[in-house]
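Once you scroll down, you'll see the structures, which are given as structure tokens.
Here subunit A shows up in two complexes: once beside subunit B, once beside subunit C.
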Partner chain A sequence: MIQKKIWLMGAYAVGKTSLVARFVRSIFSEKYRTTLGVKIDKKVVVTPQGEMKLMIWDLSGEDDFIGADLEYTRGAAGVFLVADGTQRSSLDRAVALQQRIAERIGPVPFLLLVNKADLTDAWEIQNTDLEVLSQRGWHIIRTSAKTGQGVEAAFLALATSLFPSS
Partner chain B sequence: MSEDEPPGDGDPMEQLRELLVGPERKDLADLRRIVTDPSEKTREISRILPHAIRLSSSHDAQLSQSLAPTIESALKESVKKDPSVLTDVVFPIIGPAIRRAIADAFSKMVQSLNQTMEHSLSVQGFKWRFEAKRTGKSFAEIVMSRTLVYRVEQVFLIHKETGLLLAHAEVPNAPTQDADMISGMLTAIQDFMRDAFKAEGAGLRSTQYGDYNVWLETSRHLTLAAFIRGTAPEDFRTTMQDALERITIEQGAALVDFQGDAAPFEEARPVLEDCLRVQLAERSGKTSPLLWIAPLLLVLGFAALWEWRYIRGVEKRVAEERLQVEAEQKRHAYHREQREAQQRLREDEARRQEASVVEEAQIAKCLQQLNAQPGLVVTDVSRRDGVIHFTGLRDALASDPQAIIAASGLAAGKVQSHWENYYALHPAIIVKRAAQRLAPPPTVALALRGETLVATGGASAKWVADARARAEAIPGVAAFDASGVVDETLAFLLAKKKEIEGVTFLFQDGSDFPPDEQENARGLAAVITAFHTAASKSGRRAHIIVTGHTTDVGGEAFNLKLSRARAESVVAALVASGVDATALTPVGVAARAPKFTDPADSAKNRCVTFTADFEEAPPNPAPR
Partner chain C sequence: MNTDLLKKILARHEVLILVRDADGLFRPEGLMPDWFASFGGDAITGGGRIEPGKIFAFLEHFLPEAEPLWAKESSEEISSGFWAEGLEDGSEIHLKAVACFLAGKALLIVRRIELEFDQMQRALQRGREISITHERLLSETNKKEILLYCIVHDLSGQLSGITGALDILRNENLGVEARRFLELGRLGVRQQANFINDLLDSFKAEMGSESGSAVDPSQAPDLLRCAREVINTLKPAYAVREVECRLVVAADLQARQRVVGEWNRLLRVMHNLLQNALRYSSARGVVTMTIARDAGEILVAVDDEGPGIPPDVVPQLFQKFVRGRGNQGKAGLGLFFCRITLEQWGGTIGCLPRKNGGTRFWFRLKAA
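Moving on, here comes the complex of A and B:
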């Protein structure tokens, strides 16, 4: 089975970890993330091309990452950028992060997950904001940690884009 | 210099020449300057030299070969002139390499020293034996768990850059978590250390958690992680490095193109499995020879030192103080005395050693014999003020330890033993204890099968019931099996029943008791009395039905009366012979249940028959 290392990144408190918690196999507690700065989960995704094993490196708050050359960032094949629909600033963070990643390791497939889709009334991020990014070629999925909406789709989309082109 | 001068106006030839080849002449002058002027030539060569060297190196090794002698002599010259220059250059490379080599060598030495000490001086044996008795585990199990030096339980081959698991091997029954996530986390920890210390180099090489060690070896693309229970010797690292090298060589192509497909690395699994090992501590049962060889060696060492110093002293004096013969002789005498004293010391020591070796052997033999006794466990042997103390546990039913100690040859005054009472769970002791508690009749044999006490032979049901009620309260007995015990009373009753039921009294026409059966009646009375007594003694109720019969001649009502009368006359005869009347019930059945069905024998149906029965009613019903 093909395996890939992917990152899960986003601004502080956008709900990254709880977003995937129900969908992945996990043996390490949340404590690892706060002490080591990273926690690793596993998810097997079945795609039309076959099964893929994703090792998800859930990085703690991105603030340290910007400006620091973290060893963790070696060898990742894809990235989930997570933003919080109710916090406009988290989207700016995600955009900055993406730029930073592109500078550091070149083009890596990534997917923007805009979380808290169950609270659209309280959203600060406007559809127009997302349309702008979409026109720049960003793939965006609206997700909800509460209902699980969009999470499986996100895994499937990223895994599909990671399959080695034959 | 005339070429450089401006052409004269008056020389038409010169003018023509200038017109035809003027530029070429200038080029020619420039070229000549480059070729002839040394500084120009140097500048020109310096421009093309680097390129030329690069070009030459890419073709073949000729340039290196021709330069080598020059460079070598240049280095020699440099060292001769001022060694510090080269030292400064080389130091940053060689320093860490030497440090690491020395550290490795030290670590190996300390480890092997530790192991030697631990193996040769261990006195854990008794404790383990006691622990085995106490916990009910086999001695071998305890020794295994206590002497496991190390076991390499899991080996992970990890892609260094991504932390993805390439291959994994483990021993059977190893505690396993998700290997993929473990390898990711190991990589994360390594990354974390590298980030935290901002240090280049080999990185994290081992971590420890309780009994567990994780050893890490890395190459350019790979990390090999071994989960080790206990402490592995330092040379296991070499094994890991060899494994990494082999895998790197064999899987080089797959490593360079790694896209997340671990399948090719399945081939590396045998290499990983070679890394799984178990090492048990060697344990010698006897006292280590090191215990007495060490002091002996020490003594010899002292002697040798003395000898050496003595020779040195003589030589010096012969050379420097030839005339002081007297002093030398004194010195000789002194040294001889010293040597003799040393010799005496050595002999004494040897004698002491010999005596102590004999005594050690006696102690060991005594200990072995004590521990071989069921119900005796020696927990400690110590020596205080010249007295040997045996301390341990003793079941009250075990053999007398004093007798064993006395038989071992150890002097009676030199040994003391201290015993605490305990319930031994040795089968022989359990059986002894059961025999004491259950008091089986001599016809019963007891044995232990697992934790079940098995009784075989003949005994009364009462004993079986009693034993059943009490057996499980005996330490070491979990169940009682009396299926092999025959109830003697029951056998007796069945035999008597058969005997009684075999008797038939034949009558003539009437109901008078036949006089010729008188003798039989007395015999039967004795049998019935025995039957009855045995039954009531074992708590059973016995009963005998005396049935009168008639032929089918005559009316039914008459025949019933007649048959009843016959039965009653037999009862009367038996009671007269001493049978308890309440045990007998006379019944008349006329011709309804003839004993003889053959018409030729029909006359014999004028008779009385017996049915003997007893009820099972043990006095103390057993719980099960």
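Moving on, here comes the complex of A and C:
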């Protein structure tokens, strides 16, 4: 079976670990538990092209306490950049991370997940912000680790894009 | 110490010791710790040898870093840092690896570090929770502060009207009883005015200014520095939207152009205007802030290339809770705040459609 390593990166408390928990174990907890270092999970996804085993690397969020160690991302087949719709600054952080990844390890397929879609009334990120990124060629999926909205679709979309073309 | 005893102690302390063979595979040394039973499988060869990179994906990156150290037989050691492996039952296990060269052997020591991880995790968690709470409080306080300021400011305006009406009544031919009630009313209005002034003073103090505005040139805010600071703050947001923010300063302005006002609130006014302009700009658009001298005052103009403002919205634009241009604003307090703040400093604010599309927001302040 094809095996691919994918990364979740972004500011802290945007819901990266919750997205993995929702996808891998179908669970969600309201309690915020920060990730230290790297957490690795695995799941097999069934894409139209066949099965793929995803090694999901969930990296501790970036902030003043911890910076993202991009050395780990070498060998990453794909990246999820995760932002929190209720925090405008988390989108800026995701954009900056994408630039750093591109400079450091070259072009890597990525998807932007704008999480907390269950809280759209409190969103600071506006549609116009996302439209600009879409026009730049970014693929964006609104997700909610809480309700599950967009989560399966996001992992499936990234996995499908990683399948080697026959 | 007895070797068997030592091996049991290490296993009890959840330490996995692997010795690197010349062919790059690893042999377990001593007893396997219990936690290792959750791993293994395909990555253990028939001879009981191990490929750690296949068992622990995280080590794929660490092992190449350790190779030079083992090759040099260095007395130093390197650590992998923490990582967590999710197990099939939903639990997770926290590990840390160390590579070193001891007693002629290249060693990879993998240790389960639940206690150490827990302590580090709790410290980081606490720091981040405090940070999240702090940011939320700042955001909430900021919103409430502006709302309260606006409400109290409005109350003050209405009170001026009542005072004027009562003053006119004083000149009327009133009876003794009516005059007594009138004076009671005037006393109440004065007390209320004092109360409102105290509240406004406390807002000003919280915003870092005792006087509200400074006409003393040494205390007055430097408008150009303020503009550059706001543009710098908004740079990431402009970059994401691919909108360029230009600052054009007229040649006849002083290097430090001070104006009547107060630093923190002037920052907020300029921030509001540039943020509004960004909100309605398209990708690759340009927002230009122009600062110039005009009729003895300093004129600041913010030009955007957005869709413009419907003429019927313009008259209400600087009122409270009015959200112009398709209701994209937040609480509808930003422009209201700008107006009452600038008016308090003797300034004015307005907006105009631009000839070739877009909107110009402008404000004027006295030079200090």
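By our rule, the second predicted complex is superposed on the first by the 145 of 166 C-alpha atoms of A that agree within 3 Å, B and C clash if a C-alpha of one lies under 4 Å from a C-alpha of the other, contacts with A are read in each partner's own complex, and residues count from 1 in each chain.
The rule we apply is simple: a residue touches a chain if its C-beta (ideal position, glycine included) is under 8 Å from a C-beta of that chain, and two chains touch if they have at least 3 such contacts.
On a predicted model such as this, the values are computed, not experimentally measured, just so you know.
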item: Which superposed partner A:D118 touches (first subunit B, second subunit C, both, neither); value: neither
item: Which of subunit B and subunit C A:M55 touches, first, second, both or neither; value: both
item: Partner chain in contact with A:K4 - subunit B first, subunit C second, else both or neither; value: first
item: Partner chain in contact with A:E30 - subunit B first, subunit C second, else both or neither; value: neither
item: Partner touching more residues of subunit A, whether subunit B or subunit C; value: C
item: Touched partner set for A:P164, first subunit B, second subunit C, both or neither; value: first
item: First (subunit B), second (subunit C), both or neither touched by A:D41; value: both
item: Subunit B versus subunit C as contact partner of A:R136, first or second or both or neither; value: second
item: Touched partner set for A:A77, first subunit B, second subunit C, both or neither; value: first
item: Shared subunit A contacts, counted only where both subunit B and subunit C touch the same residue; value: 5, 25, 27, 32, 36-38, 40-42, 55, 57, 71-72, 74-75
item: Contacting residues of subunit B [partner subunit A, same complex]; value: 159, 161-165, 177-178, 180-181, 184-185, 188-192, 194-195, 259-262
item: Parts of subunit A lying in touch with subunit C, wherever the complex brings them together; value: 5, 12-13, 24-25, 27, 32-42, 55, 57, 60, 63-66, 71-72, 74-75, 88-89, 91-92, 95-96, 126, 128-129, 131-133, 135-136
item: Complex contacts: residues of subunit A adjacent to subunit B; value: 1-5, 25-28, 32, 36-38, 40-42, 52-53, 55, 57, 68, 70-72, 74-77, 162, 164
item: Subunit A partner contacts - residues on subunit C that touch it in the complex; value: 57-58, 60-61, 81-86, 90, 92, 117, 120-121, 124-125, 127-129, 131-132, 236-237, 239-242, 279, 283, 328
